[in-house]
Amino acid sequence: MSKSVVLDMNGPLAMVELAHAAKFNAMSRSMWRQLRAVFEQIQQNQTLRCVVIRGKDHFCAGGDISEYAEFRFQEHSLRAFHEEDVWGGLQAMLDCDVPIVAQIQGNCMGAGVEIASCCDIRIAADNARFGAPIAKLGFPMAPREAALVMRAVGELTAREMLLSAALLDAAEMHQRGFLNQVVPVAELDAAVQTCVDRMLPLAPQAGRINKQTFRALALVNHTQVASDLIANAYRYADSHEHREGVLAFTEKRPPRFHP
Amino acid sequence: MSKSVVLDMNGPLAMVELAHAAKFNAMSRSMWRQLRAVFEQIQQNQTLRCVVIRGKDHFCAGGDISEYAEFRFQEHSLRAFHEEDVWGGLQAMLDCDVPIVAQIQGNCMGAGVEIASCCDIRIAADNARFGAPIAKLGFPMAPREAALVMRAVGELTAREMLLSAALLDAAEMHQRGFLNQVVPVAELDAAVQTCVDRMLPLAPQAGRINKQTFRALALVNHTQVASDLIANAYRYADSHEHREGVLAFTEKRPPRFHP
Amino acid sequence: MSKSVVLDMNGPLAMVELAHAAKFNAMSRSMWRQLRAVFEQIQQNQTLRCVVIRGKDHFCAGGDISEYAEFRFQEHSLRAFHEEDVWGGLQAMLDCDVPIVAQIQGNCMGAGVEIASCCDIRIAADNARFGAPIAKLGFPMAPREAALVMRAVGELTAREMLLSAALLDAAEMHQRGFLNQVVPVAELDAAVQTCVDRMLPLAPQAGRINKQTFRALALVNHTQVASDLIANAYRYADSHEHREGVLAFTEKRPPRFHP
């Protein structure tokens, strides 16, 4: 079960588990592809009425940095990673007509914030913490992902996370409008169950139409982000600070970004 | 005074009362038409400087469900209800150049949230509660109304209300950014009066120009929601779950949405 | 140093001070031009990694009303003031690729809210208060400025500030999503320093790319606000209430807006 996205369907309820215990459920490249496959499978199942996505102990600590040196330093492979693997998974979630609940505890960083941003309802434990400190790793957020996160966490919080590497706790993220509810960690399962119990008896066609309407009304159309923005988005692949940030993390030393 | 929208003009101040006491001020079809007429009258009056809209004991509990079987189950009559009657009333509010204050107590559900979303300032009593649990009735929110509500309550809250039938109290809706102020119910009249007293001496032309600017800048142009979205929006009229939800409510029994 | 915008560069950190002590750092026309020059200079300096903008005792109390009778009552000079001087300064801030922190205490009104709205991170003292009570002066907010403020403070708060002349304290503006952090006034310097210390070691290219991405994704493109809106925006220049509001303030008497 290591490095996997596990789907468990039980009648009208689908449970999706981000499972990569050795790295606090960080997303490996293969997990992004599995995430897409899982949500495409969910979308094709007409009996489902609710999806819960979660991780054991932690929601998702970000990307699996140990893989980054393999593909991040050439523009074409970096682009393929973000536009195909990562966005493939996120787009499948955004395209899902079944309502999705994020059950969040522990670390919810980078990729974790992105995955949570694709959910309809977000319920967190009070031990959850949020951020996207990738400027420590020497790289910016890809444009579609930035649009998604900016929309979900708000522009101020997105700028704080990306430009100052801030970490924010669950109470603050509730106040910022990213979370529907925050509960003690011991009550997280019960709070999600209460929400699911409220959702399951609702009219399923109405829910699907509502999700389609929200998608059509989206202020940022993630699939139509200006093409020139995406064309230029990965030119930093081979830059000094990108390599330095990723390699320093791998080598367990502080990065040196000064020229 | 039953089933009416009552306009009372007193110098520079217009009071609008949603009055349908038998149903917690739920909007009947005729009340939507009266709402439009009232705000068209307000808009033509150049001496007005402030409008307050409210209901006795409750702001507005939603739509008058007892009328729904008359027109909801044919696509053309359902479309006419939403696009002409409901949107006619809401558009007249959105087009009003005089600042509008919502005074909210008790139930503010469905149509109530929509009407409040057309106001410039929202002051609520601590006994107010908010939601749009129409998936219990087997139907989704119409596209223009969903755009309006999503913009006013935020996308997360709109999804929670529509996809999980959540009810939210005034303190939570203040935190979510929908309410300017929450006060004990005994202080609601005074809080609204304080706000009105601050508004009446302000330059009226400046207020009208500001409202026109906000309207022009609206991120979602409610009058230009994609025409294909609206073209398809009412195809669910004759579906099983739509009939079942509305009829079950009328027959005072739980709906059965399972196929 | 009176009526000036002072730039102090110290290695990777630029400090910008709004300095007009006699008027709580209200922006004179020349200060708007200096603000533009300062941020154009910052933008050209490739060694900077962080900018802090602040004012002594007060952030900025608004515009310098004593100058208004010189140019506000003719449409062409009013337009030049807003579209060239004010927007020139704000646009230079929005175009700055270096992350900007607003350090806010005391009055943050009108122009102060606009300047703060161009910053990436906003940290305030608990004595800060916010508003845009220009309807007391008989005039509306210019369209680009309204778009900027609406985006930063939220539509509900923008309407409350402009249509009811509301003043809001720091705690409320934190809850409304405009402020990242609120601290006791004695701890404001330290809180900003903590944030700056977190920002300086981050990868600078990543920060610049992130800011460019946010700019490209902006929901409201301030430079492309509908041209007809701007064409008509200043017709109120010679109106009674505009003159009355500004002159009454200058003459230290209450304005009389009744026809």
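When the chains are written out, they are named A, B and C in that same order, and each has its own residue count from 1.
Here, a contact is a pair of C-beta atoms (placed from the backbone, for glycine too) under 8 Å apart; a residue touches a chain by one contact, two chains touch by 3 or more.
Every value quoted in this text rests on a predicted model; they were computed, and no experiment measured them.
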Does the subunit B and subunit C pair touch with the same residues on each side or with different residues, judged by whether over half of the numbers are shared? different
Cα-superposition angle relating the copies subunit B and subunit A, to nearest 5°: 120
So, what's the distance in Å between the C-alpha centres of subunit C and subunit B? 34
Sites on subunit A at which at least two other chains make contact: 175, 177, 219
Note: in the complex, subunit C contacts subunit A through residues 99, 120-122, 151-152, 174-175, 177-178, 180, 195, 198-199, 201-207, 209-211, 213-214, 216-217, 219
For the complex, give me every residue of subunit A touching subunit C. 134-141, 143, 146-147, 150, 154-160, 162-166, 175-177, 219-220, 225-226, 229, 233, 236, 239, 241-242, 244-245, 254-255, 257
